[in-house]
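Shared chain: subunit A. Partners: subunit B in the first complex, subunit C in the second.
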Partner chain A sequence: MSKYQVGDRVTVRDAPTMFHTRTQAFTRGRTGVVVEHRPEWVIPEDEAWGRDNGRTERFYVVRFNQRDLWADYTGSDSDTLESEFSERWLMPAKEETK
Partner chain B sequence: MSRTHDHAPIQESEEISEFEVLETAIRELSISHGLFSAEDHRRFTEWAESIGPAGGSRLVAKAWVDPEFKERLLADGTEACKEVGIDWNNPTGEGTPSDYTFFYVLENTPKVHNVIVCTLCSCYPRPVLGHSPAWYRTPNYRRRMVRRPREVLAEFGLYLPPDVEVRVHDSNQKSRFMVMPMRPEGTEGWSEEQLAAIVTRDTMIGVAVPKVDWTASSAPSEALSSPSRGH
Partner chain C sequence: MSSHTNFDVLQKRVRALAPEEHTVLDSPPTISNDFFDALRHVVHDVGGQPDGPMAYKEKEEEDWEARTYVTCECLAWRGVWSAEERRRAENDLGETLYFGLPYYARWIMVAAKTLINKGIITPDELSAKLEEVRQRLEVKS
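And then the complex of A and B:
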């Protein structure tokens, strides 16, 4: 059912931003791992326009290693950041970003 | 006043945002059309702004003493909240109405320290923690917590060893999060009520950890001089 399974490595699309997406710029093009599934809900691209019955989509929790987000990260190697993404914003990771 | 001023006069009040204008317009229209009265609005605002983090403190304290409740809380946050009288969908004296219904509790462990932030705005688990502190909504906290979390935590007085993973949760979508701190040593045999007192707001945001000699209800000077809590 879900396109991505827990443990899959995924990359956040660096797609053009049209209005409201809730997909942060600092995650675009970054690769992380799916750690949880979320229920389907209305995507922000529709909800932002008051379309509460707009398109629903699966959401995923993606965990990034901080070093994959910030080249100059000053904390520990093990530090991470988690956030949620709709399926349309994710694609299978092609190569590991270092 | 000098006659040589060549700059715009300094305003006393901050500029009003578009959202504030929108809120005022909708509120005035609602009142003029009889949807609610100004007194209804005032009473609701007074109540909403008085909600503190007591609900969250009760959740954590109950989870610390009741492993089965803890399991339920971690498995289904919104459902478990009902056991302490917090209904995320229908405010019943503890919650606030909101457009979100997904609530997840993040358990701290000796190896993982969780902390919450919303880089997009100020998303916050209001039904359990009340209104967010002013600093939580500042661009300073929002920008830096995702990028330099250990530095920000250090500014709050929290230094974590390098082998503890700092896990930042950016609540950018519909889910809301609350941190479940670890129960500190020295609290054996404490009642739920005693435990709840040390689970302060900041410990559930993740910028602090509970201390046996510190509660938010006593002034810092009092806490320093008072004897440690009874066992």
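And then the complex of A and C:
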């Protein structure tokens, strides 16, 4: 059972990474919506170092609003960007007060 | 949001490392933590970095590029590495080599390094092969 369902709001963890990572710096700490489940696969943190039988996790495609990613974004409000994360990189989004 | 600020600070440091605008790196006795964060920023994570317009160029694939691709795929097929391990090795080349080499030259460079790292070939064997190829090409020309 996937921890997050399509439509869930999730925040990308800003966890320290010493070396290789596929979690882009510009997504750290940002909140988006799960739009797709991806198959379980070896997490990049293991696969990148030749641990092909390493830990497997579910992956999620998360859609962000561009305005939430770039402080000086000048494009349309409806512009989005999608990226993929293994489960360890996501946490449930806190309720935002508007 | 504090992570906005952190990202902006990180990007400022990474921008200073980009090829067109160099921070002088001369093995300083000490560095700050945020400079260390910028130094070890994963090279392929370029999202958000400033860049200028680039001319679009249609390029024919060359033989050495196709051979490099097939060689690297065969190494994966025979269990030497995975695409993710290759990408990590490419990042580990560092900015100068990463941005200085053509795309497939990066691949073949890290293929050779990985084969040596894993003890599958020796540096001597690689040198001997390079010498053999050099002589073959000299005879041709």
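Here, the second predicted complex is superposed on the first by the 94 of 98 C-alpha atoms of A that agree within 3 Å, B and C clash if a C-alpha of one lies under 4 Å from a C-alpha of the other, contacts with A are read in each partner's own complex, and residues count from 1 in each chain.
FYI, a residue touches a chain if its C-beta (ideal position, glycine included) is under 8 Å from a C-beta of that chain, and two chains touch if they have at least 3 such contacts.
Computed from a prediction, not measured in an experiment: that's the story for all the values here.
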item: Joint occupancy of subunit A by subunit B and subunit C, clash or fit; value: clash
item: Touched partner set for A:W70, first subunit B, second subunit C, both or neither; value: both
item: Which superposed partner A:R38 touches (first subunit B, second subunit C, both, neither); value: first
item: Partner chain in contact with A:R30 - subunit B first, subunit C second, else both or neither; value: second
item: First, second, both or neither for A:Q5, with subunit B first and subunit C second; value: neither
item: Contacts of A:N53 with subunit B and subunit C, given as first, second, both or neither; value: neither
item: Subunit B versus subunit C as contact partner of A:M18, first or second or both or neither; value: second
item: Superposition clash, subunit C versus subunit B, among 3-11, 21-29 or 111-119; value: 111-119
item: Residues on subunit A lying within both footprints (that of subunit B and that of subunit C); value: 22, 24, 26, 44, 69-70
item: Interfacial residue positions of subunit A with respect to subunit C in the complex; value: 14, 17-22, 24-26, 28-30, 44, 47-50, 52, 69-71
item: Contacting residues of subunit C [partner subunit A, same complex]; value: 1-4, 6-8, 10-11, 40-42, 45, 47-48, 79, 81-82, 84-85, 87-88, 91-92
item: Touching residues on subunit B, where the partner in the complex is subunit A; value: 102, 119-120, 146-151, 162-175
item: Partner subunit B, residues of subunit A touching it in the complex; value: 22-24, 26, 38-39, 41, 44, 59, 63, 66, 69-70, 73-76, 78-86
